[in-house]
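Several structures are given next for inspection.
Heads up, the next two complexes both have subunit A, just with different partners, subunit B and then subunit C.
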Partner chain A sequence: MQNKPTTFHFLLLIASGLLLAALSFLWWNDSRQPAPISLTPTLSGETEYCLTCHVDLPEISASHPADTFGCVSCHGGERLALNADLAHSTMRGGANPSDFSVVEASCGGSNCHSGSEADDRHHIQRVMTSVQSTYAGAIASIRYTFGAQTDLNAHFGIQAVIDEQSKTGISSLETFNPVDEAHPSIQKFGEECLSCHLHAEPREGEAYARETGCAACHSTKKHTLTTAIPYTQCNACHNRGNYDLRTMTFVERTDHPTQRIDDYYQPIAQFTQCEYTLDCVDCHTRSEVMGDGDIHNDQASIEYVQCKTCHGTLEELPLTKTLTDPNDIAFTLAFLNPIKDLKLGDTIIVTEKGEPLWNTKVLPDGTYEMIGKATNQYFTFRPVMGTACEQKPDEQESHYCHECHAVEK
Partner chain B sequence: MRPSFFHHLHPPTIPTAQARWRHTLAAGGTAIFLMLILGVTGILEMFYYIPNPEEAALSVQTITYLVPFGGFIRNLHYWSAQLLLIVSAIHLLRVVFTAAYSHPRRFNYLLGLTLFVIVILLDFTGYILRWDVDICYPLLTGTNLLKTIPLIGDALHRIAIGGGDACTSGLLRMYVWHIFGLTLPVIILGVWHAFRVRRDGGIAVPPPQVRTDNARISRNELVRREVLAMFVIGIALILLSSFAPAPIAPAMPTTPAAIGAAASQSARAPWFFLWVQQMLKWGDPFIFGIVIPIGILVLVALIPYIFPKPADSDIGTWFPKSNRFAQITIGLVSFIVILLTLLANAK
Partner chain C sequence: MNVTQWKNKMTDLSRRDFLKLIRNGFLYLSGVLVTGGLLRFLSYESEPKRKTEFDIGSADNYPLGSRTSIPEIPALLIHTESGYTALSLTCTHLGCTLEPNETGFACPCHNSSFDEAGNVIHGPAVKPLQVLRIEITDDGNIKVFTA
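On to the complex of A and B.
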């Protein structure tokens, strides 16, 4: 036994000090990590730790509460990983799980958005077959113009779609592949003009900014899903410019309107006051905008709401319906966008296809009210019947109404 | 004073030459220390690891990110395992380059080589236990190689992973191999190997009659050096484990189609089998994946038996003339393995 310090003792002292320093560093490094924040959504029952970093994100929508859905059931990802790269590595569609390449896995399921038509849960089937997704009308029109097909019927879509129970007579579309086309203009169309459908990434520029898939329309700001869609969201694609068919290029709008009246429709268009005061979704119904589950030829074949839908004609009042069924779809729609307290017994306007304009109401004096879905503004309006309107019963397109009612700019 | 338990594990005195760093490279002792760390950290990991296909990768994520210091323990286990492979290889090279395998140590040379092979298999099975998307292709390739062996291939495949589809049902077998089937032999053979080192006269040095340096050190001094070495290795491991996390990848999917897709995306063997993977690109998997690697192993195992016996005075000296053939053989094998690994890495 030695009592005198030796070289070994000094070395041991230094080594102990270094070991202590290394362990202290380890402790300090560990204490710098954020404390994990867990969430166990009731739907999956599987704990996830996404909130450790994303605790500040707003609830995405009232119908997708985080406590129920969590993050992973929609977004995918590695639910237990606290390393950003690993946690995000298996997310569906990057930050946008509603991109059509992954929408079935993210938003689908019989209890969610790919259920039956009877349950009105066939949203994915509807949007995938809608003209906003297939772009079928534009493709057919261009192919017809340049001699690739002899009729104006839709044969091709951005992606192949099938609808075996089609009520439109079109049971499928093949994938449009511009490379297979003989005419250079159609090939150019494929290169230059396919940025507006819901599969496509938008053009560059703030004016075109939108997501793909469902979120193209329903996500108006970061981590939000809404049915209160303002016209500005629609304007990310619509009214942004014109296609030049000679050069087959898109000519961007160059004016920078500061007022809604100038921004809403293209400068050359005529429109009535309600057309620019209301938002697109106040008049255009869900089936018009998102499809009805059938494959349609073009935009014109799915759009059907006209001025008369709300205003009627000289001979007929608009169609209405008194809500007697608590399961009426109108209540679901009002729940998703609670701008008004819709009640059993309320009488609302319905379209000729029976779709509820749930934000309207027939008032006791025979006039009507409408609440803006995106603006929450209150409007009242009258029927045509009983007025001095000179319209003819068979002339109901909007341009006939514009002859008298167009706003002077 | 009577020696403590730890002192008692060592001989009372050993020739100074046997304890010189430049003679041993500290490889054997480091290997033992790394194995102890692997044992302790492995047991700690077992408290959280769940060996079923649905939960394995998630439990690895739990260990890595959620268990206090779990990530550190896992990193420590990982880095100790990688270092153990390197240190074992250095140990083998030292033994050949110093003619230490010569009689009476020929049998212990085989024990050591067997340990090296088992350690490689332990590294492979440990890698498989991650059960994430990166492991499927190597597991599939590795276990399918077994099937190419005539007559006994299918039986070996069943022994290894139970005979089912590797990426859906192979996990439990891999787990049991890792925890018991390979670890128990390592413990037994490792103790035997260490016992034989002492029984064969300690670390190889020239016999006393031709030795020039007859100085000896006590077991106290030996233990001191070991303690200091352990401190240095420990500090290096702590720092390595703090800065360099062990690899981890997204969890293995559960549907066969998704597993197939995942497997095709990660067609890369773990680094210590890259040399075999490189050869597999050249043709017949049985030849390049089984015959050649086993041939190389047999060649290395036969070094003490087929080459001329080194001169007694050369035993324990670096690169002696009397075992040139053995040096060239192990040198060529090392060169080829490293070259193939670099080739695989370059692509």
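On to the complex of A and C.
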């Protein structure tokens, strides 16, 4: 019997041809893909291929090595995808997993940054209720000024927060929504003046460049986390210009300082030498900057470090503490920013709330040393007691000290 | 069939037979490639299996009194009068690899500290280091198991 070509045979031939073409295309496409680089971090034990494209990224910090944490535990994403769009499709917070909208999923967890208060690992709870996050003082002040509230107490924050165990008497804040406000100036405030809290994207311009969330302070360059925060990082919010309350707009600085004293904070302010030589974090403590877990009314109610914290008064030396407990938080802080070899038996200055100024040390001759956390500079200083200073012990705000010690600009 | 015979056969090949040959060739090739692709698809491991068994060589390499770091695991193999012990050098806090120090082991990530027996000196870790299972094979090698 002679075989005749049939439509079926013809279609089979076409189908096999298409199949071969498809397989060839897949082989060609596959050959263009980079060879996967796998990483199986010890924390998750799950392989991820993020390094295939991101192998050149620097280690984000000594506390978060990639071998241990990998990428996905913080960033999210599709760990096995080799296609960039698919791999990035489920990332948390874009390139910034510390954005407050996702920070609990990225940085939280009882062993990480939302642990217990007793272990001092409630970092997320602290920062979410901090004034830098709630902006409560500024909102209350503007609402009071324009008659929307009858007192200066904080009732609103950028986002609603609750702290039922608050020691400040403020157990919650409602979400501030400017469009609900009757006064046009408060509405304008909402439009123009809410760019420097930790939820907000910064204004455009290099001087304002920062991330949101935790990274706003702790990330001073790409893919880096640090506790050695230079004043320039703080300047992204705290040295940018001034609010014009008549027009309710933000007026950017136009000067371009070349000296540190001029660059530091408000150009009209006075400073002692240590105020502009040191970095903000050399004096201001974790609870002042990152919050203490309670909701505070405004910046003034959380800031408490004064000149006397390090220098004492005519009647009292600064408070100090000799380190005897290896679990002291001072060792953890010194470990995270190893500018000095802090040892058991060292005596350091502590604040009136007991927070360690771990970068200080009492020297045998009764003077003190401080090492700059961001600059690694070595400073020595004396107590006020026993000097000719006429400072009254109850006048400790910085402007009293400026009367004699401010540096002429 | 010699070359001449083959040439004659090919010359005698009708157009129809030639097309049939091509068609069958296509079909066989497609079948082979599809089968190959299917086998590759079924055998593909999207993530490599994690190694949990380590042959660290002859027990003779670890004399009595020795404390030998095995970075591959990572673990410390200790040989005492009571035998061999493998102490995991993975921190029980978040899994960083520990480094030896003067008192035992320290975590380079979060500063947890352990004594030489693996007990916590200070946190944030709260659990002691894991003691890993060991087997000595018939040929005298030591195997360490991490799971």
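FYI, the second predicted complex is superposed on the first by the 377 of 409 C-alpha atoms of A that agree within 3 Å, B and C clash if a C-alpha of one lies under 4 Å from a C-alpha of the other, contacts with A are read in each partner's own complex, and residues count from 1 in each chain.
Methods note: contacts are C-beta pairs under 8 Å (C-beta built on N, C-alpha and C of every residue); 3 or more make two chains touch, one makes a residue touch a chain.
Note that the coordinates shown come from a computational prediction; the quantities given were computed from them, not determined experimentally.
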Worksheet item: Regarding the shared-chain residue A:43, is it in contact with subunit B (first), subunit C (second), both, or neither?
Response: second
Discussion item. Which partner chains sit in contact with A:195 here, subunit B, subunit C, both or neither? Use first/second/both/neither.
Written reply: neither
Worksheet entry | Most subunit A residues touched (candidates subunit B, subunit C) | C
Worksheet item: In the superposed arrangement, which partner chain does A:12 touch: subunit B (first), subunit C (second), both, or neither?
Response: both
Discussion item. In the overlaid three-chain picture, which partner chain does A:327 touch, first (subunit B) or second (subunit C), both, or neither?
Written reply: second
Discussion item. Touch test for A:89: subunit B only (first), subunit C only (second), both, or neither?
Written reply: first
Discussion item. So in the superposed three-chain picture, is A:80 touching just subunit B, just subunit C, both, or none of them (first/second/both/neither)?
Written reply: both
Item to complete: Please work out whether A:25 is in contact with subunit B alone, subunit C alone, both, or neither, and reply first, second, both or neither.
Response: first
Worksheet item: For A:335, is the partner it touches subunit B (first), subunit C (second), both, or none of the two (neither)?
Response: second
Discussion item. Residues of subunit A that sit at the subunit B interface in one complex and at the subunit C interface in the other, please.
Written reply: 12, 16, 19, 23, 80
Response to the item:
In the complex, the residues of subunit A that touch subunit B are 1, 8, 11-12, 15-16, 18-19, 22-23, 25-26, 29-30, 36, 49, 78-83, 86, 89-90
Worksheet item: Which positions of subunit C touch subunit A when the two form their complex?
Response: 16, 19-20, 22-23, 26-27, 29-30, 33-34, 37, 46-48, 50, 90, 93-97, 108-111, 113, 121-124
Worksheet entry | Touching residues on subunit B, where the partner in the complex is subunit A | 1, 58, 61-62, 64-66, 68-69, 72, 224, 227-228, 231-232, 234-235, 238-239, 241-242, 245, 248-251
Worksheet entry | Interfacial residue positions of subunit A with respect to subunit C in the complex | 3, 5, 9, 12-13, 16-17, 19-20, 23, 38, 40-43, 45-47, 62-65, 67-69, 80, 111-112, 119, 121, 326-327, 331-332, 335
